[in-house]
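Got a structure for you, questions after.
For clarity, chains are labelled A, B, C, D and E in written order, and residue numbers in each chain start from 1.
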Amino acid sequence: MQATESVIYNRAGQRVVSPEYLLFEAPRTKHFMTGSEAVKEAVRRASVDASVSYPITPQSEAAHLIGELWVEGYVGVYFRGESEFGVMSEIAGCAMAGARTITTTSGPGTLRAFENFPMWAGTRIPVQLVLMARGVNSPLSIQPDNLEVGFLLDTGCMIWYAENAQDLFDMILAGFVVAEQPDVHVPVITVVDGFFVSHTREAIMLPPDDIALPPYNPYRAPMPVIDAEVPPGRFLRDPFVMKSNYISYATHASWQWEVRSAIERSRPYAKRYLKGLIEEFGDPSAELVFVACGTAAAQAKEAVRLLEDEGIKARVVKLKTIRPFPVEELKGAVKNAKYIFVPEFNVVGWLEREVRRYLYGHSDAEVIGSPRVAGGMTMPAEVIVQEVLKLTGKEVKHVL
Amino acid sequence: MSYKIYEINEDLLDVMPQEIRDLQFRATWGNPKRGVMDLPYSKELIEEHSLCAGCPESMALRYILASLPSPEDTIIVNSTGCTSLVFPHIALHTVHSLFGNQNAVASGIKRVLEWRFPDKVKDVVVLAGDGATVDIGLDCTLQSFFRQEKITTICFDNEVYANTGGQESGLTVKGHVFKMAPKGKQWDKVPFWQIAIDSGCHYVARLTVSSPKRVETVIKKAIYVAREVGPTYVHLYTPCILEIGLNSDDGLDEMRQRDKERFAFFEYVSDAAKEVIERKKEEGLL
Amino acid sequence: MMRKRVNIRMPALGGQGAVTAAHIIATAADYEGYYAVSNPFFGAEKRMAPAESYARIGLEPIFDRGEVVYPDVIMVFHPQVITMGKSYTMPFYSGIKRKGLIIINTEEDLLTDEDKERLESLDVKVLNFPATKLAIDIAGTELSTNMAMIGALFGAIGCVGLDAIEEGIKSRFLKKFVASGGTASLDSALERKFKKKLELIEKNLNTAKGAYDLAQRWAGEQGLEPFLPPPPKKVTV
Amino acid sequence: MYYVAEVINEECSKYNCKQCTLFCPEPNTLMYTDEEHHAFVVQERCKGCALCVYVCVNLLKRNAIHMIMPEVHAER
Amino acid sequence: MATLGPSGFSPYPVAVYEGVLNPPPGKALMFNEIVDEELAMREAARAMLTRANPTIFPGPQVLYAWNEEAREKAKLVKRIAQVLGAKIIPMYDYRPKYPKIDPAVEINPNHPNLTIWHNRIKACIFVGVHCHYANVALKIIRAETDCFTIAMCGMAGHEDAMITLRDQHVEEMERFIKVAEEVKKELGK
């Protein structure tokens, strides 16, 4: 950005800088805050046009804070919708009308909103949903549990997974950049484990708040924006259910492939703006590998340290994107693995399924869907270690 | 940008089919005094549709499309149902999203357009059936009224779920036998026009589409008031001749009968709306 | 082996400010130059119902989050945690690590012989400390109980000094945007609020300081070493 | 193959009413020509509902429009 | 032509699933190869000049005079058609038309194959079509016809086309005309 003579400002009066500058080059200072506050700081620097909110624990605070940004003039349109179903529809309306749009939800709210997600993808809107995963009924739980992410995998939205507040901050900014590429232009769901990130305070490095992403240009969208400013006039922002001839299966099939293609096209962009689709931690020569995302990856990193104390080499392959799934990266990362542990915060083990599916025929390692906790249970590193020692037949020396 | 987006590049005019050229040269754009009396001569903004022969809903659509005061800057949001079979054939930006979320989508569109184009008029009009408006979409409909969204909601009340094969809806009259109410509907027709008033609409009208001119006036009032004041609601009786067992030429007669009873013309105008309507009358736009 | 990490568990009752305490503890430790993370227990904590929060302080980046299952320090904010079992873990000290520390806000000894035997076998020290009483004495309100607990913690485990504690308290109470309760206030009302806030911070600091001194003396008597080596060099801003 | 409407031009041009064109449920189908002073039907678009006949015959008591079976030709 | 089912029982080939992604800025894509734009333009012109019934499918972004660039591009589309001896069939909007399209004079993104079959088009250029609809159409064409597809895209390109040129604006289109004229001369046409 720097060398240019003309300086551009966004509507909030912030200096517009390139995504590369904002994400990688701008000087950063340390702040101590929660994940929810990190959402606010990301939105503040994202030239966001619109946001609609609805309360549900644990995402409410993030939604309140975006409201504060509206008061402060950083966000153009903000209001509380009637329910998550209504909110996700309102969000769709905002995005169709040409706005950079963000919202947040959790657990049961995700399920209530569900009908909207494939619609979002099918209508090619680059909205961002910050999902602070929590348990779903029944019985009622407000605890961290990411079962809902398993349901979202095939909605046609990109799914990114942040480990901590820093990840989340950077991902929200990168999310807009990648989702709005004309050849991608599908929604991005940036997931964090609710509470574990939203309510946890930690140090986070932030660029200054007087610079921001370039504003969204709706006229680069792959579908005409709904603002009566672009042709064609006759234009339906949806596939065709009408009883016309010749149009049913072929188009619908092609349309679905196109949405999935869009996700595939996001790979090079995501690689660039997330600095890789995976992150590796620990001893590269280790044969014991944890493949995980979010808090499970964090806990696995702690477990790697404890295992080191036991004299066992281990490492973590953290997946930053689930859709697109980092197939090639994962295959490369587990080349020498003997044991692949997939620790998860849900009862079904959706990530284990994904890992097995993509590694099938490509790895001789034993894939172990463990440890797995659910219902809000925590996953202490000590438990991971115990499980690893048990399942690999190693001697348990460590006393808990 | 307005109707300029329909202007064909001169260099490519010769390759455009007649119906598209007609849209540029024979349709009514940029004239707030347009109305149903243009129908016999002009190119309509609705091309062709796949609704049943004789369907009163399609009459309603013709009148509404002919009456929009500023079609070039009007966004239509619709919902699932018979109406969604028509919208692809309308020469405007239209959105079909999900069944029942039309007022929510419209809220998002309206607020963003107001923010993006503070100096322009951008009308957002919701057109949906009774199932979409009052049953599955009730929450979104009412909440958009509560929030005072500046949109016009038009409900095509055919008193039945027609597109799915004739099931009872909240707006079916008591006692009427439809699928899913095999013993006859057990409870009263929902008086939604009244609920709309209580929920904050500034202009509410209930009518059949037996009089094109009346539909025109109502639609114009509803849109002008929504533009300046807040939500407006129009409740139109558009009987499903198929589901109530009438012939294709019986629709108009059916509506004329109902004009005398449960769809007798009814209009509510708030004080703020009165002011707008009077002003528009003085300007010769109503 | 010297600790690389101190995990702190704070069982309390809703309304006692345990979440705030965790936040201040982590912020103070961060300011001091350690890595630190804090979070609450994830539930719908109502007044007088069990509530719990956690703080982690360490020499290297902390990935671990969520409940502290194996704490080095347990801070019991209310006697009912023990007497009425208002705790997420039973007994309240389950998971405590060898050479750990328990601080209990109480004027009397609440532990059974069996408890004491178990804790002694793990070489865990127990500090019975009337935090609420101290808060009332110094700040004039029981609401400063959490400040007394924070002071007692750092007085006992060392590592984090009074300057850092002060920074932690200020960062908690001098938030920029306040959007709750009633309609938007007038400027004068805001000013009054702010003045009140400064007074509050002063009282809180004094309470924490009083408790800090007290606990530091106690630690000296007990021969407690600092729980962590000095902080690694870190960029603080 | 089905019935379509046909305007009886001489009869229609006696009046200046255009009512049928308004009540037709099909867009761009039943139009009016000022030059020749009568309504006319674009038969390709007519679905044969006969509402126009109801309007003209039953309501207005005129006889300017009727239903006919059109000749159908193979496509060009 | 499709032989099974009403719209062809086509297993959809999708370029990105075969590992083909859009070219980086400044480059073009020819089948699954990233090549210089010049070469791609040349091959595109050759295809249009040597295959039967070459046709340009302009989309709404160049058909309507909604901004200055569109006016300019419309002139260039006309010019390209002249140089290549190609027909122009417009994709004037994206609606699934009722009751049916006239494949002789229009193309619809929801069943573009009908127009290609009807006119026996063996090479075509997409220009000014919004990316999503171009991609939907190109996949169907790829599955159900033997037409050589060329995408002249104002943005990132269309990997489902056989040749895709990205970031094509007035300047690039003018360059394409020059290249096409050269190729035409080389071919002795």
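Methods note: a contact is a pair of C-beta atoms (placed from the backbone, for glycine too) under 8 Å apart; a residue touches a chain by one contact, two chains touch by 3 or more.
None of these values were measured; they are calculated from a predicted model.
Chains that touch both chain A and chain C: there are none. With contact taken as defined at the outset, chain A and chain E are each touched by B.
The minimum number of touch steps separating chain C from chain D is 3.
The most distant chain from chain A, with centres taken as the mean of CA atoms, is D.
Distance from per-chain Cα centroids to the pooled protein Cα centroid is smallest for A.
Set side by side, B-D and A-B show the greater C-beta contact count at A-B. Taking each chain's centre as the average of its CA atoms, chain C and chain E sit 68 Å apart.
For the pair chain B and chain E, the distance between mean C-alpha positions equals 38 Å.
Mean C-alpha positions place chain B and chain C at a centre distance of 62 Å. Shared interface positions of chain B, i.e. residues touching 2 or more other chains, are given as 1, 5-6, 47-50, 88-89.
Under the contact definition stated at the top, the residues of chain E that touch 2 or more other chains are 63-64, 66, 92-93, 95-99. Along chain A, residues 224, 229-236, 240, 242-244 each make contact with two or more other chains. A list of each chain pair in contact follows: A-B, A-C, A-E, B-D, B-E. By the touch rule above, chain A contacts chain B in their complex via residues 49-50, 52, 76-77, 79, 81-83, 85-87, 89-99, 115-116, 119, 123, 224, 226-238, 240-244. The residues of chain E lying in touch with chain B in their complex are 58, 62-66, 70-71, 74-75, 77-78, 88-90, 92-93, 95-99, 102, 105-106. Listing the residues of chain A that touch chain C in their complex gives 29-30, 32, 57-58, 64, 67-68, 71-72, 142-144, 163-164, 194-197, 199-203, 295, 297-299, 301-302, 376, 378-383, 400. Of all residues in chain D, those touching chain B in their complex are 18, 21-28, 31-32, 34, 39, 45, 47-51, 53-55, 58-59.
Chain A meets chain E in the complex at residues 124, 181-183, 185, 220-224, 229-236, 240, 242-251, 253-255, 257-258, 260-261, 264-265, 267-268.
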